[in-house]
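Next come two complexes built around chain A: one with chain B, the other with chain C.
After this line comes the complex of A and B, so read on.
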């Protein structure tokens, strides 16, 4: 299973009736600031969603609400049939961990563990969370590193890897947990455009394999060609969503038009 | 001993070294006890100050702030001469141990707490995102990185604690300074004996300080947690305004 395939995911449209994630009326407040404002979103199994919008629009916070790194202030979230309604401090730890188990996250700043080698970065959670033996976890770590083209870096520390390599290790680390949903938080924003292209190639291949993904990104071309659906967020709210061609070429919302013209330089 | 002339201490001090050596033993013993027990306690206190339970947190904060806020000399007097008046009696050496352990625990707690705080937030985020428990996140991600950061200051604190053991002389613990003072008083040659004592302190602390410096450079070098966390190349995300 090589990652370097060139299938276009848009050819294999997901079955939208097969809903996997359903967020309803999600709200996240930080003090006076409402970072996520009444967001409802559903994602089908195998769907690739590009989350676009200006900086500070709440894209990251929305992603962090979906894996409960942030606890939403209100609303509800259902992943793989399990539903949590957020009201006050009602979250139970086991519930959080169960829901989170379905997700994997890739960060803008990689967040690799600097004191562990690449292979151990990928193996640790497998051992601690999934209870895999050290041997099995390391074997799978090597498989995942190979998948992102970095088997040769297995024994390297993050500080010995380039930014692009670190991000690919970050992807391998998330994939090793066999997530059903991958969350990408601006995975290429911290990288040179050329290096970013490596990462995008890996993500394109994942999309081709039918991985369910939500990608917060500023890469408009990537959003247009790889995603099944583009979601536009402004000031914490989703203002428009639809097929990439429709949103990118003929946005209905005035603010989407403004945003796209600013970001695409038209 | 020979007659005391204004400069005779310059060559006579080595004669006093053997007399003082047992005192060095006591000083080292006090250092080992105060740090050996104090640092693990400091670690516990550091964790307690971060605890969500209010009573735990406040107990730890009081112990740390009192331990740091009161001079060690005062702690020594309180334990050795103050507590007996409320019916608690310790010998000189145990009194010194209690005071030094408290002090070492309080200072190290603060260092360890700061080190834990230095580990970037993204590290625990990444760990939690992998469904790791809070305990595992601390055990495998945060603490190993914090340990690396806190080792150089803890080595420096150990040197400071070794210095501080000289204070125990005032409550009659027969460590290095106590013996030196007694000998000086008996023979009325303070300068000679204190020079010998000073040399003994230096023989321990100068190599220790060099070691601490090297260690801190090494830990701050290639494998530095801080460096790797921030060294990545960053092109800022395009900031799109006008909406």
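After this line comes the complex of A and C, so read on.
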């Protein structure tokens, strides 16, 4: 692993002038319902962003707009120099794939492929999308599984793995595509707290290695200690953002205070 | 007697031909058919439901009569064997499409999304993720359907297709010995269905092992 793992990521603050992801005025409507409302967000390379907010705030929808699993209704999105402006049905499939290639996603419900072993889960897209040979893809799959501490499970099927192990395989699967931006949608919500801690440890290590990440989470302690910036979403909009200490200890927005006191129980 | 048994056993080929050909028609044509049920166009989904309901709502025997006698009335003479293949094949198509549809519905939407999030093409998601899971999910049901089809092929005896049941009937008329000859025919059906049953069970146990948790 990289030399940074010993250092807390908050100490290795990313160069914020190095803007890497830029979402501008993103809107996502589901019929009458506006799930994402005029969201603008810039992310620097190596930055770790915790996306917090009450249920139904639009966190998942925002993440899914960032890898185009949802097509934004309007606004624009730029990742690693690829830019798309959303207006009507103008989206072309190759554009979607080009932009998506920069992202990796980890799901709350893991979504591993049940008919493939752990190693093959990690190898499949490397072969199909990156054109790597089977041997190279499997070698890299083993490397990634080792990175999340699961080399021993390479030949196991997902059903033979615990929830925490499945989620780590999910992380390895996304990492194997060498994404520039990792999106995590409540990666620990479906897990027992102790098991969730394993996942958070893996993510903390990734943060230490300079991985750019946006994490929708209800883990306030993790948001506080691992992220560089906390973004608070309510009713589809970003109402507040800033350094974790500042947002968590001295929130300026009344809605943030209400949310934090509800989740932190104070 | 021995001659009768020999003739009945020889009809096995026709029974198998009828079963395999109409089953294969169903296996293949059900694939494009089930796509209609997944369409975004309500009209196509309605077309699917209507077709499946009509085909499966009418007894196989009635379809056989419609195609064999009914068409002949319209001066479209279809020989017995092709008529039986068409009737059983169309019914198999509708039934297999329903089996496929059940299998597709059992695949969680997250499977598609995981594939897309990895930048896999639609083709690859279908071929590498959906299809293998579908195959595993439907193969026991498909095998069971084939056993049913094997037995239903006896219906074709009524329009004079020379399969096991028809030939047995002929021999009983000539020589008597109904109990022995029909029992022999029954055994032939049983023997043919054994490999399908074994296949279906082995596939099924493999799936349940693999999908134990999910």
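Criterion: the second predicted complex is superposed on the first by the 261 of 266 C-alpha atoms of A that agree within 3 Å, B and C clash if a C-alpha of one lies under 4 Å from a C-alpha of the other, contacts with A are read in each partner's own complex, and residues count from 1 in each chain.
Everything below uses one rule, namely that a residue touches a chain if its C-beta (ideal position, glycine included) is under 8 Å from a C-beta of that chain, and two chains touch if they have at least 3 such contacts.
Owing to the predicted nature of the structure, the values given are computational and were not obtained by experimental measurement.
Superposition of the two complexes onto chain A shows a clash between chain B and chain C.
In the overlay built on the shared chain, the residue A:75 is in contact with neither chain B nor chain C. Within the superposed three-chain model, A:189 lies in touch with chain B and out of touch with chain C [touch as defined at top]. Once chain A of one complex is fitted onto chain A of the other, the partner contacts of A:218 are limited to chain B, with no touch recorded for chain C. Look at A:111: by the touch rule set out above, it reaches both chain B and chain C.
Of the two partner chains placed by the overlay, chain B and chain C both lie in contact with A:103.
Of the two partner chains placed around the shared chain by superposition, chain B and chain C are both touched by A:124. In the superposed model, A:263 makes contact with chain B only, not with chain C. Within the superposed three-chain model, A:55 lies in touch with chain B and out of touch with chain C [touch as defined at top]. Common to the chain B-facing and chain C-facing surfaces of chain A are residues 67, 69, 97, 100-101, 103-105, 107, 109, 111-115, 124-125, 128-129, 157-159, 173-174, 177. Those residues of chain C that touch chain A in the complex are listed here as 108, 110-111, 113-121, 124, 128-129, 132-133, 136, 210-214.
Those residues of chain A that touch chain C in the complex are listed here as 67, 69, 97, 100-101, 103-105, 107, 109, 111-115, 124-125, 128-129, 157-160, 173-174, 177. Contact residues of chain B toward chain A in the complex are 120, 122-123, 125-133, 136, 140-141, 144-145, 148, 222-225, 227-229, 231-243. Chain A meets chain B in the complex at residues 54-55, 67, 69, 97, 100-101, 103-105, 107-115, 124-125, 128-129, 157-159, 163, 166, 170, 173-174, 177, 186, 189-193, 218, 234, 255, 258-259, 262-263.
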